[in-house]
Each structure stands twice: as C-alpha cells, then as structure tokens.
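Across the two complexes that follow, subunit A remains constant while its partner is subunit B and subsequently subunit C.
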Partner chain A sequence: MRILIALDQNEYSAHTLGRVARLAENTWADITLLGIFPGKSDSALPNEFTATMDRYQKDFLNCFDAAFSPYGPMEENNAFREVQPGIHERSPGPGKGPKDMAVRIRMGEPSGIILEEAGKIGCDLIVLGCDTRDDCTWCPGGNVPYRVAAEAGCSVLVMKKDTDARRILSCLDHEEISQASLEMISQMSTLFTADLDIVGLTKKNELKQSVQTKLGMLQSYYLSRRIQPWIELVELSDLEAFIAGENRWSLIAMWMGKQSVFRRIFFDSKVEKLISNSRSSVLLLK
Partner chain B sequence: MLNTLISVNEDLSSRFAVWYMGQLREILDLSVHLIHVTEPEHRGRPVATGWVQKTWEDSVLLQTRTWIDRMIRAEKNHSRILDEPEIVSGDREEILLHSMNISACGLFVEGMFHSFKPDGFLTRIRSNLYKKAPCPILMVKNKTGLSRGVVIACEDKNLEKALDTFFCIFEPSDIRPDILICRLDGPAKDADRISRRIERIDTAFAQRKKNHGDVKTIAGDVAAVLPFVQNCSLVVSPFPEKESFLENLLSLSPCPLLLGVQGPVNR
Partner chain C sequence: MSLEIMILDDETIVGERLKASLEKDGHRLEAFTEPLRAMERLRAHDFDIVVTDIRMDNVSGIEILELVKRKSPGTKVIMITGYATLEVARESLTKGAFDFIAKPFKIGEIRKTIEKAHDALKAQQKG
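Our next item is the complex of A and B:
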C-alpha cells in the first residue's frame, strides 16, 4: 500500500500527520509526503516552506518508536534538491527503513499536482487535511480537497479536525464489497477509536435477503476484529437526509466505485457539499 | 429460572436476538424457547387442494425449519441455545400472546432492525402484541456484547417502573446499570428534587443488596439525551407512552431495548 499525504503550510495539514502515521504503522504503507507550494515552477523554493516540510517529516517520524519504525531516520543536512523544474526532492539516504518514505516539494496549482503525483506513483490512498471553518478549502488553492476527491483514481481521505463523535459511518455498496475497502474502514475505526455504523439500504421498506446476508457477513467480519458495528437501515430515498445528520460521525466512508449506488445518488455537487459543509472527515473509497 | 420466548423469523434480526440471548444466558438462569409463526397470508395462495396442498405446506414448513436450524447452528457457539424451535401457523399476535401466557413467560424477545425512520419501531411498540404482552419485552436491534454497560432510561414520572423492569429481569445478576433520568419536571437545577430521586434509587438497590452506576439527570431535547443511549449493551425503559419523549428517544437508539410491561404481568 502506498499513501500520498498532500501538505501545504496550514495547520490543517499538520493535523493529518499523527493519524496517518498510525495508519501507516498498521498497514506498513510506503509513504510520500508531498508538499505543495503555490508558486510558479520556475521560482525559487522559499526556505520557510522547506523548514515546514522538515517539521512535517520530523513530526511524522516522531510518531514511531525509532527501534520499530518502518521508515529510516531523518538525516541531518539532507537538503532538498531540484530534480526537475519545480520539483524538489530529498534523497532517501543510507539509513533507509524497510518501507519507503519519499519527501517531495512541488510548486504550482495544488489539485493538479496532487492528481498527477498520485497517478505517477500509483498510490492507493491520498490523504489531505482541511478546516471546516474555511468550508474545507485550501488557502491558497481553493477547493482542492473536493477536486482531488472527485477526480482521483484511488481512494481519498479528507481529514478534518476532531469532532466529539466517536462513530464512523460506513456506506458500502451491497453488490460490490472489496476486501481493501473493508480493511480500510477497519483501520479507520482503529485510528478514530470509533464504533462503526453500517448502512443497510432498503427499497420500499424491504430489505433484500441478499443484502441481509451481506450485512451479516460484514457484522461478523468486524466483530471478529473487535470492532462494534451497529447496523442501521435507511430507505434509499432517505439516504441524503440521513447523511445530512453528519454531526453524529467523525468519519463518513463511502464506496464510490463506478457501479456504486452511492456514486449515483451522491453525484458531484452532493459530494462537494459533503466535503465542504460536513464536520466529519470523508473517505471516498474507489 | 426465567422462562423466555424468542420469536424468530427468516431474517438477520432474528440472529441478533438468538445471539444476544446467548450473552444473557451467561449471567442469568434462563430457559429459552424459540418459536416461529408462519402467518397464512405469508404462505401465499394455496397451489392446490388435498394431498398436493398438504405436501406443499409441508415443504414450506420444512424450508422454514431448515433456515431456522441453520441460523441456530450458525449462532450456536455464541448462543448455546439447543432447544428445538416450535413452528406454528396462524395469527402471529394471537399465537405469541397465547404462548407467553401458557408458558408463564417472563421475557419475550425478538430481533428488529434499527432504522433511520422510526415508523417500523413505532408500529411494533404500538401493536397489540406489545401492549398486551404479560411480561417485559426485549427488542434486540443490534448484535452487541454486554461489556458496554446497561443504561436505565426513564422520565422523572416513571422512575419506579423503570427500576421495576430492570429488577424484574436482572435482580439475580451483578449488573450495575447507569441511570438516566430525562426531562425533569420543574427546574433542572432543583437540587432537592434530584437528591430525592437519587435517594429513591439508592434505596431500591440497597434493599436488594445491589449497586448501581452513575445517575444522570438531563433536562434537554432528544438530541441532548441520545448520546447516552447510543452506545450501550442494553437500554432498560418503562413501556413508553404513545408520542412521548421516551418513545421518540427509544426509536432513535440502535441498542437492544428492554421494555417494561404495559398490560397485566406474569408473576
């Protein structure tokens, strides 16, 4: 698994690091810390931003016990060097751990860079932070989290500051449940130390036998991992209203594969609304 | 020993109920009887008459029995319920009420899915079956272990009924429930009233040489109280009045619910 963590200079970016470090620890993921500075690619890289990236890398690595860290230590005097115009990288160094950790800075428009980088490295998950007080926009950059979530070919986690809620809402398509998405939600439940609400979709108040079977399987899967799943039935036509009560959850995880019923219901503008307005973090699984 | 009756259907929520009773069996001395009622309208239109119809009905019954056996086998490790289920055909409410009455049933149990829209829940608790049940009713809305704690939720005016319901089932156990008193009548900060309530609770538990957990008194709307009944192993409540605050609150809780008796009690 490879996780791309997209970072700018704002506090919401720093906030994502602790949680993602735990995810990385649990999954032994390869990590790319991608810092984006909103300047032109031919302008000089400001020292202030490299210092911020230094701090991010240190903070991330400090989340691990050095003796058991899957990533090598951060080396002193290992400066960023420009490998291509507008792309600055820190070389891995000799003390590399068993898992890969790349640290890179790119200059330009954030969402385009994040999507390009994600495609290039073939990551499984993009993580980026935002602040609900600013409608989950990046400053500068605008609606970066939504644009990345909408266009990325892989799963995207938009992480917001803590809410009091300790529940995760899991909207998995009953027709198509991938092992990877189950595992991702299981990891999120651990990260957020949260219980899990699983949505069972009904049509005309009928719950199909095949859906019941899937719900039963999901329940057993999570119980065996010591995660308490609470099943809640929602009529398909009420789904939007149900999710609008998002303050109940610290994270809303939604399967958005091409055939997903959630993709059909939550077309672009509704996903944008969910990301911009909801206090919950949002995980779009693809 | 407490006689219990579990009504099972061919659905996942019945598995919740069977599983949950397995949990209760670890702390209570229970006899568990399973019953499945096939309602005539659910059996479909008769395909023929005489021998052919009889054979068809037998095959429907066999199919049902196979499903229930499979469910019990699947939950057996957890539930330890080995009794043969009874499969009966007829009016569900009538049969279940009759069965509760003749077996001196002390607890009626059934599974039910928790839904975003409370209509199904309200229909069920306003049904004749619930209104006339001669014993407390356990609605298992989800599969949850007992480690999350038990909450007794009630209003100021029905605290005694709530405590009665709890003791009716759990007196022999060592469960220490938290107690949540919602919507105090009068000023919320009336310290005297609150201390009198707590005294009543302390006395009720002391008389039985039992202990309780925290006592919380909350004056607020359902949204303020809901977090206290969203994440526990069991919510114990008196039977809620129609359209009451308590009815609304219970409809929103995803936890198993133990409801007190509305009608005359089996003792």
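Our next item is the complex of A and C:
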C-alpha cells in the first residue's frame, strides 16, 4: 500500500500524522509526507515551514519501535533542497528501511499539488486532516479536502479529531464495488478497532433483490474475515438525515466510484457538506 | 532467471491476478486457494518464493511461514494481509518473513518485492 499524507501547518495535520503512523505501522505502507506551503512557487521557502516538516517527520518516525520500523532513521544534516522551482525534497539517505519514505515540500495551490503528486506516485490512499469548523479550513485555498476527494483517482481519507464512537458506517452496496474498496474498509476497521455498519437502501420500504443479494455477499465476506458487520436498512429519502446522525460513527466510508448509486443520490454538494461539517472522519472510496 | 513461486490466498481473484502478471515476467507460478493443499505441496517441493495471505480458514499464513522456514530456510516468504496489525507484522518479521504487504496493493508493488527477493536470493547464492 502506498499512502500520501498531505500536511499544512494547522493542528489537524499533526493529529492526522499520529493516526496515519498507526496505519503505517500496521500495514508497512510506502509513505510520502507532502508538505504544502501556500505561497508562490518562485518565492523563498520559509524556514518556519521546513522546521514544521522536520518536526512532522521526527514525530512520525518516533511512533515506531526502531527495531521494527519499516523506515530508515531521519538523518542529521539532511536538508531540503530545491529540485525544481517550488519543489523541495530531502534525499532518502543511505540508512533506508525496507519501505520507502519520501518527504517533499511544494509551494502553491494545495488541491492541484496533492492531485498531481498522487498521480505521479500512483498511491492507493490520500490522507489529509481537516478541522470541524463550518468551512473546513485547509490553508487558504477553498475546500481542499472536498476538491481532492472529488477529483482523485484513488481513495481519500479526510481525518477529523477522534470521536468516542467505535463504529464505521459503510455505504457500499453497489454490485460494481471494487475489491480494493472492500480491503480498504477491512484495514480501517482494524485501525479504528470499530464494528462495521453496512447501509442497504430501501425504496418505499422495499429492498431490491439485487441489493439484498449484494448485502448478503458483503456480510459473508466480512464475517469470513472475522469482522462483525451489521446491516442497516435505510429508506432512500432518509439517507441524508441518517448520515447526519454521525455522532454514532468514527468513520463514514462511502463508495464513490463511477457506477456508485451513492454518487447519484448523494450528489457533489452534499458530499462537500458531509466532508466539511461531519465530526466523523470521511473515507471516499474509488 | 525464472523463479518458482507459490501463491496462496483463499480469495481466488488474488492468485489469478498475480499468476497472470508474474508468468508474463517468465516465472513459474503455482496458485493455491486451500492452505492444506498448499502445505502438502510445500512438503513435497521447495519454492524460491512463497507469497501467502495471513488470515485464512483452518491454517494461518504464520503457520505456512513456519513450515517453509523449517523445510527450506533459503526460501523468501512474502506475507500479504487485509487485516494488518502491528502484532502480525512483528510476528511475521521475527519468524523470518522477507516482506509484509497490506491489501489493497497494486500488482506493481508485488512485482517490486519479488524483484527484491530475487536480488536477495542471488546474493544468498553468491555468499
């Protein structure tokens, strides 16, 4: 698994880093720490921001037991160097671990940069933090988490501060759902030590035969992997209100592939609202 | 050099995807979905590389790892899992796994790891 973690200088980025370190510790993922400074690419990179990235990298590596760390140690005197205008990186160094860890800083508009880097490295998951204020600030640059989630070719996890909830709400019931999405949910269930609620949509209180079959398959899939799934039947017209009761969930996972029924029902402005306003973390699966 | 590789995953789709891709690279592949049958084969034959899922019915990937390392210590074992935890990663590596890969993964990731294992096998033969 290859994970790109997008970071700015806000508190939620530091929080996200700690949680993703646990995911990385579990999965031995290849990691890219991408710091984004919202300045023009031809301006000088502020020392304050490189210091923040140093701290992030140290904090991230400190989460691992050195004897079992998949990543090499952070080396002294390994400064960031500008490899292209507005792109700074640290060389991996000779003490490389079995898994890759790249650290880069880029200057410019965050969502475009995140999408470009994600495409370049071919990552499986983009993770970025977000606060729970009304407009979900992420550098000056508009609703960055939403724009990334909407346009990325891979899954995107928008992390909020932890809630006490230990349940994952999964909106997955379309027949075209990808194997990678099912596997990503399994990893999240392990990471959040959470039970799984799978939504089945009803219309006029009737469940389509194809949906029923798919739900049965999903239930068997997770049960055989020793994850306890709960099926929640929700009337189509009540879906938004149901999801809005998000205090119940630590994570809302929604499959948003091209064929997704949820993409049709839960159109873009509602997804944007969900990412912005939800107190739960949101995982958009592709 | 063509390698002999065993793939063991109780999800048919995983073995099928890997088999098609790695055979294109010139390797000889045997894919299994039933751990007990894979164990029988491992007792009868040594592979260069074994790729095994960790969580399966009846037998765990850790038992597969132990069997391989007992019988053929030079074989490189790559563990794959959909339910990664720190404990499982540590146990795998302590018991001699070559690498640990969490699902979902891209075929390219497995191919890269197979190449690394191949390099390690070559170094082993020289040394």
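The working rule: the second predicted complex is superposed on the first by the 276 of 286 C-alpha atoms of A that agree within 3 Å, B and C clash if a C-alpha of one lies under 4 Å from a C-alpha of the other, contacts with A are read in each partner's own complex, and residues count from 1 in each chain.
To be clear about the criterion, a contact is a pair of C-beta atoms (placed from the backbone, for glycine too) under 8 Å apart; a residue touches a chain by one contact, two chains touch by 3 or more.
Since this is a predicted model, take the numbers as computed values, not measurements.
A.B. asks: Identify whether subunit B and subunit C fit side by side or clash on subunit A in the overlaid structures.
C.D. replies: fit
A.B. asks: Looking at the overlay, what does A:Ser269 touch: subunit B (first), subunit C (second), both, or neither?
C.D. replies: Neither partner.
A.B. asks: In the superposed arrangement, does A:Ser186 touch subunit B (first), subunit C (second), both or neither?
C.D. replies: A:Ser186 sits against subunit C, while subunit B stays out of touch.
A.B. asks: For A:Trp28, is the partner it touches subunit B (first), subunit C (second), both, or none of the two (neither)?
C.D. replies: second
A.B. asks: Quick one: is A:Gly200 in contact with subunit B, with subunit C, with both, or with neither? Answer first, second, both or neither.
C.D. replies: first
A.B. asks: Please work out whether A:Leu215 is in contact with subunit B alone, subunit C alone, both, or neither, and reply first, second, both or neither.
C.D. replies: So A:Leu215 only meets subunit B here.
A.B. asks: Contacts for A:Met1 in the overlay, against subunit B (first) and subunit C (second): which applies, first, second, both or neither?
C.D. replies: In the superposition, A:Met1 touches subunit C alone.
A.B. asks: Give one of first, second, both or neither to describe whether A:Gln84 is in contact with subunit B, with subunit C, with both, or with none.
C.D. replies: Neither partner.
A.B. asks: Name the contact category of A:Glu232: first (subunit B only), second (subunit C only), both, or neither.
C.D. replies: Once the two structures are laid over each other on A, A:Glu232 reaches subunit B alone.
A.B. asks: Please give the least Cα distance, whole angstrom, that subunit B and subunit C reach in the superposed model.
C.D. replies: Least C-alpha distance after superposition: 13 Å.
A.B. asks: What is the shared patch of subunit A, the residues that subunit B and subunit C both contact?
C.D. replies: none
A.B. asks: Which part of subunit B faces subunit A closely enough to touch in the complex?
C.D. replies: 10-12, 15, 113-117, 120, 142-145, 148, 230-231, 254
A.B. asks: Which stretch or stretches of subunit A touch subunit C in the complex?
C.D. replies: Subunit A residues touching subunit C: 1-2, 25-30, 68, 98, 122, 124, 179-181, 183-184, 186-187, 190, 224-227.
A.B. asks: Please output the residues of subunit C touching subunit A within their complex, sorted ascending.
C.D. replies: Residue positions touching the partner: 11, 13, 55, 57, 82-86, 89-90, 93, 99-106, 108-109.
A.B. asks: Could you please specify the touching residues of subunit A with respect to subunit B in the complex?
C.D. replies: 167, 195, 197, 200, 202, 205, 207, 209, 212-213, 215-216, 219, 223, 228, 230-235, 238, 241-242
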